[in-house]
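Let me give you the structure first, and then I'll get to my questions.
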Amino acid sequence: MVHFEHVKKNYADGLCALEDVNLHVDKGEFVFIVGASGAGKSTLLKLILREELPTAGTVRVNNVDVARLRRREIPFFRRSIGVVFQDFRLIPHMTVYENVAFALRVTNAPVREIRKRVPFFLNLVGLADKARQMPEHLSGGEQQRVSLARALVNTPSLLIADEPTGNIDPAMSCDIVDLLGEINRCGTTVLMVTHQIPLVQRFGHRTVAISQGRVVHDGRIGGGSARKQS
Amino acid sequence: MVHFEHVKKNYADGLCALEDVNLHVDKGEFVFIVGASGAGKSTLLKLILREELPTAGTVRVNNVDVARLRRREIPFFRRSIGVVFQDFRLIPHMTVYENVAFALRVTNAPVREIRKRVPFFLNLVGLADKARQMPEHLSGGEQQRVSLARALVNTPSLLIADEPTGNIDPAMSCDIVDLLGEINRCGTTVLMVTHQIPLVQRFGHRTVAISQGRVVHDGRIGGGSARKQS
Amino acid sequence: MRASSLSYLLREGMRSIFKNRMISLAAIGVLVACLLLVGASHLLTQNVNSLVGYLESQNEVMVFLDDAAKGEDLTYVDTKLRALDNIASVTFISREEGLKTWMEQLGDDGTLLEWLVEDNPLQNSYRVVLRDLSRMEETLSQIRNIAGVETISASREMAQAVTSLKDGIARAGFAVVVILAGVSLVIVANTIRLTVYSRRKEIGIMKYVGATDTFIRLPFIAEGILLGVISATIAFLLLWAGYTGFVRWVQEGSFAWAGILQSHIVPFSSVASRLYLYFLAGGVGIGTLGSMIFTGKYLKV
Amino acid sequence: MRASSLSYLLREGMRSIFKNRMISLAAIGVLVACLLLVGASHLLTQNVNSLVGYLESQNEVMVFLDDAAKGEDLTYVDTKLRALDNIASVTFISREEGLKTWMEQLGDDGTLLEWLVEDNPLQNSYRVVLRDLSRMEETLSQIRNIAGVETISASREMAQAVTSLKDGIARAGFAVVVILAGVSLVIVANTIRLTVYSRRKEIGIMKYVGATDTFIRLPFIAEGILLGVISATIAFLLLWAGYTGFVRWVQEGSFAWAGILQSHIVPFSSVASRLYLYFLAGGVGIGTLGSMIFTGKYLKV
C-alpha cells in the first residue's frame, strides 16, 4: 500500500527532514509512527499525500509513484486517502456539517448519500450536536474530531492521521483508537502519528520510530517481532 | 492571584460552557486543569485573559476585575500574563525570533534586553537553531514550543498554558513541565491544561478537573488533600 | 455534473458573498466605481457627439445659378438637388432677396447700395445643408454637374474643422473609455486577487481533501458572476439617477449655451439598454475572469 | 517612544511590504491607477483652460473715433487706451485701411465700391483686445469716457459665451477631479480594508500578547505612508512619460487644429512639482488614513 524506498527529503532551506527512509506498509496494516518533535513524522505523511515531493528515492502509494502523478490526477489520488491533519485544516467559512460533507461533494456523491453519511460519522466522533457550528467556535479537541470525521466519511482505503488525539482527553483518545482499529478491521490501512506511548502500548500495533529523519525502530513495542532497519 | 466566583459563561449561541465555577489560585501555585474535550478548560483560560467576558459572576486576576477593565488598560493587563495558546497563535509573517521578541517589544524593552532574552528562551525550549525560520516551516511541536518561549520571555507573574505539550513527545513533555516547575519555584503562578494523566500523576501538583462546565475535583490526584467542590 | 453539485455550487457562491460581507462589499464598491467612471465617460462622449452633430448641421453650401436659368430651369435644379442623398435641406434665395439681405447686413451703410436695385449684381442661389460633412467633396462635384449651376461657394475649412473635431472627439472618447476600462480592469483584478489571496489557505485545504481545480473554481466563478450582476445593476441605477439629475439641471438652467445644450442632450432612455448590457458584460466578465485567473496561482498544491 | 521601537516600526513597515508582495502590489496598482486618473484629468483641465485663454484673446473691441479727431487727438486716445489696465493690445486702423480691407473682403463685388474711395464713409478706429472678458462692461465705459471716442462696437454675446465657457470648464474640471478623487478614495479604502482584513488574525494575536492599539497601528501606518510615496512616485513618472509622449504627438501632428493646440499645450514642467506634491499628499494621506481607520475594527479584542 505504502512503499518508501531510500527516500530523502530536504526542505528549501537545506534542512534534511528525512534521510534514507525505507518503509513498507501492506494493505490492511495498522501502524503507529512515533518520534520526537521535529523528527520528520509529519514530513513522512506529507510525502504520502503528495503535499511535498521527495528529494530523492521513490514514494509509492497504492502502486502509484507520487512523483509521477500528473497534475490532473492528484485530486483523484488524494480522494483514496483520508487525512487527519495535525493542524486540523478545517475550512473556516463552512459549518462542521459542510466541512465533512465537502469530502463527499468533491467526489460528486449524490445528496442522499451525503445526508446519510455525514450525520453518521459526526455521531461516531461525538459531535452530532455541533453540526451547525463554525470551526472557530469549537474547542481544540472538537476541531480535531471534525477533521477525523472528514477523513473517514469517504471510507478511504488508506487513512493517515497526524496526532489525531493530541488535543483529546485519554478516555476519548482510547475510543478514537478503538474506532480506527474498527475501521482497520474493515480493510482500511491506517498510519497514525502519536506521542501517547500508553496508547501504543495498549493497542500493540506495529510501531515505527523515527529519530532525526531516520527510521530507528520498526515493529511491536514491548514484544512482537521488531524489524530493525539495516 | 486568580479568583473565579460563581462564574457562568454562555456563548452567543446559548451554549453554556461554564456553570457556577468557583476557583481560587494563590500566588506561586502550580495547578493542572484536566477534563474531557469540550469540558470548558479553554473557556476558563480565555476568561482569565479577557479574551471572553463572563456572563455572570466575577473573574479577578491580580486583584483586577477583568469585566471592569477599561479598553486602554487591557494591553497592560495582558502583559503580566504569559499564554501558551492551544492553537499556538504565532504571527505568520514574523520569524521565530521576531515572534518571541514581539512580546518584549510591546513592553518597549530596550534592544539590549531583547538581544539577550530571546536567544536564552529559544534555547530553553530547544529551538536555538530555528530562530530564523517562519512558523509555517516548523513542525507542530516546534510551533508549540515557540508559543511557550513567547509566553515565558516576559517573566510574567502568571503563566497560563493550554495543552502546551499536546504536540510534543513524552520525553520533551517532561522536560517542559520540569521547566514550568522551575519557573513556578521562582515565583510565577502556573495554570496548565493537559490531557496527559501521566504528567499529572508524576508531578503531583494541585489538579482541577472540569466536566461539562463544572469543577468536579480540586486537589492532588492520588493522595493529597482534595478540596471537593460543594 | 450532478444536480446536487450544481445546487451546492450556487449555494456556496451566494453564501460566500453574504458570509464574506466585507470582501464582497469591497469588490462591489470597486466594480461599481469603475463601471460608473466608464459609463459616465461614455455618456459624455455621446453628448459631445450630439452637440457636434448640431454644429455640423449649421454648415451650409451656397449654390449660385447661371443668370440664364429661369422658371423651369429652377425647378429642374431644385429637383436635382433634392434627389442627392447627402443633402439635408435646400432653400431657394432669389437675387432680389439676396440683395435685400445684403443691404440689411450693411445697416446704415446699406442705403448707399440702393442704386444697385436697378442693376442687381447678384445671382439666384440655393442654400444647401449637407448631411455628412466628410462626404462634402463628393457631393460638391455632384452639384457642379447639375445644368444651370454656375459656381458653388463652400467653406471647406469649416467642413474640415468640424470633421476633424468629430474625429478627434470620437477618438478621444474611445481612448478615454478604453483607458478607464483598462484602469478598472487593473483595479478590479487586484481586488479579486486580494480576495482570492485572503482565501488561499481554504483553497489549499480543498486541494488536500481531493477537490479538482474546477470544483474549487466554480463557486468562485459563481460568486464572480453574482458580484458582477449586482455591481452592474447598482452602477446602472446610480448612473441613471445621476444623469437624470444632470439633465434636469441643464433643462432648468438659464446660463448661456443652455439652449443649445437643452435641445441636444442625449436622453438616458436612448442609451439605457445598451449601457446596462455593457455593464453586465463588463461586470460578469471581470468577475469571472478575475476569479479564474487568480485562483490558478493557489491551485498548484 | 524608544529608538528601538521606532526602528522596529520602520523595519516592520518595510519588511511587511516586501513580505506581502502580493497585497502591496495590489495596493500600489490601485493607488497608481487612481492617481493617474486624477492627474490626467487635472492636466486635461489645465490644457482646456489654456485653449480657452487663447479663444478669449481672440476677442476684440472696435473703437470708432469722432471724424473730428485728427493728429494729436489720435495720440491722446492712443495713450489713454494703453493706460487702461484691462487692455492687452491696441491697433490703429485708419479709415483708408478700413475701406481697403472691406473692399478686399467683398472680393469681385468690391470693385463696385471703388467710387467710395473719394468719399470714404468709414471712421478712424482702434482694434482693442481685452485681457479679461468678464470685466468687459467696466472697461467699455472707461473707453467711452475718453474724449474723441464716438462709438464702440463690442460683441457682448461672444464675451458672455467665452466667460460662461470658462466658468463651465473650471466647474466641470473641478467636478471631474473631485469625483475621481472620491472614486479613488472608495477604491483605495476598500483595498486597504481588504489588506487589513486579510491580517485580522495577526492583529488579534498581537492584542492577546499585550500590544497597545498604537503599537499595532504604527507599522500599518508606516506601511501606508511608504506605499503612498511609492505609488505617488510611480504615478508621477508614468504621467510624465505619457504626457510627454502626448505633447510630442501633438507637436508632430499635421491635422487641423494642430497649430492652435501646439502653441497652447501646457508643458509638463509647469505643473510637475505641484502635481507630485498633490500625488504625495494624496497617496500618503489615503494610505495613512486607510490603515488607521480600518485597523480600528479589528483592534477591539
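Brief remarks on what is shown
By letter and in written order, the chains are A, B, C and D; residue numbering begins at 1 in each of them.
The criterion applied here is as follows: contacts are C-beta pairs under 8 Å (C-beta built on N, C-alpha and C of every residue); 3 or more make two chains touch, one makes a residue touch a chain.
None of the values given here were measured: they were computed from a predicted structure.
Among the remaining chains, B is positioned farthest from chain C, on the basis of C-alpha centroids. Centres computed as Cα averages put chain B at a distance of 63 Å from chain D. Measuring from the averaged C-alpha position of chain A to that of chain B gives a distance of 29 Å.
One inter-chain figure worth recording: chain B and chain C are separated by 68 Å, centre to centre, where each centre is the mean of the chain's CA atoms.
Averaging C-alpha coordinates per chain places the centre of chain C 25 Å away from that of chain D. Multi-chain contact residues of chain D, defined as those touching 2 or more other chains: none present. In chain B, there is no position where the chain touches two or more neighbouring chains simultaneously. With chains as nodes and touching pairs as edges, the resulting graph is a single ring in which every chain has exactly two contacts. Going by the touch rule set out above, the chain pairs that meet are A-B, A-C, B-D, C-D.
Listed in rising order, the residues of chain D touching chain C in the complex are 22-23, 25-27, 29-30, 33-34, 36-37, 40, 109, 112, 116, 121, 160-161, 164-165, 168, 180, 183, 186-187, 190-191, 193-195, 197-198, 255-257.
Residues of chain B that touch chain D in their complex: 49, 51, 71-72, 74-79, 83, 85, 89-93, 102-103, 105-111, 114, 150, 154.
Residues of chain A that touch chain B in their complex: 11, 13, 34-39, 41-42, 86-87, 133, 137-142, 144-145, 162-163, 166-173, 195-198.
Listed in rising order, the residues of chain D touching chain B in the complex are 1-2, 4-5, 8, 16, 19-20, 201-202, 205-213, 215, 300-301.
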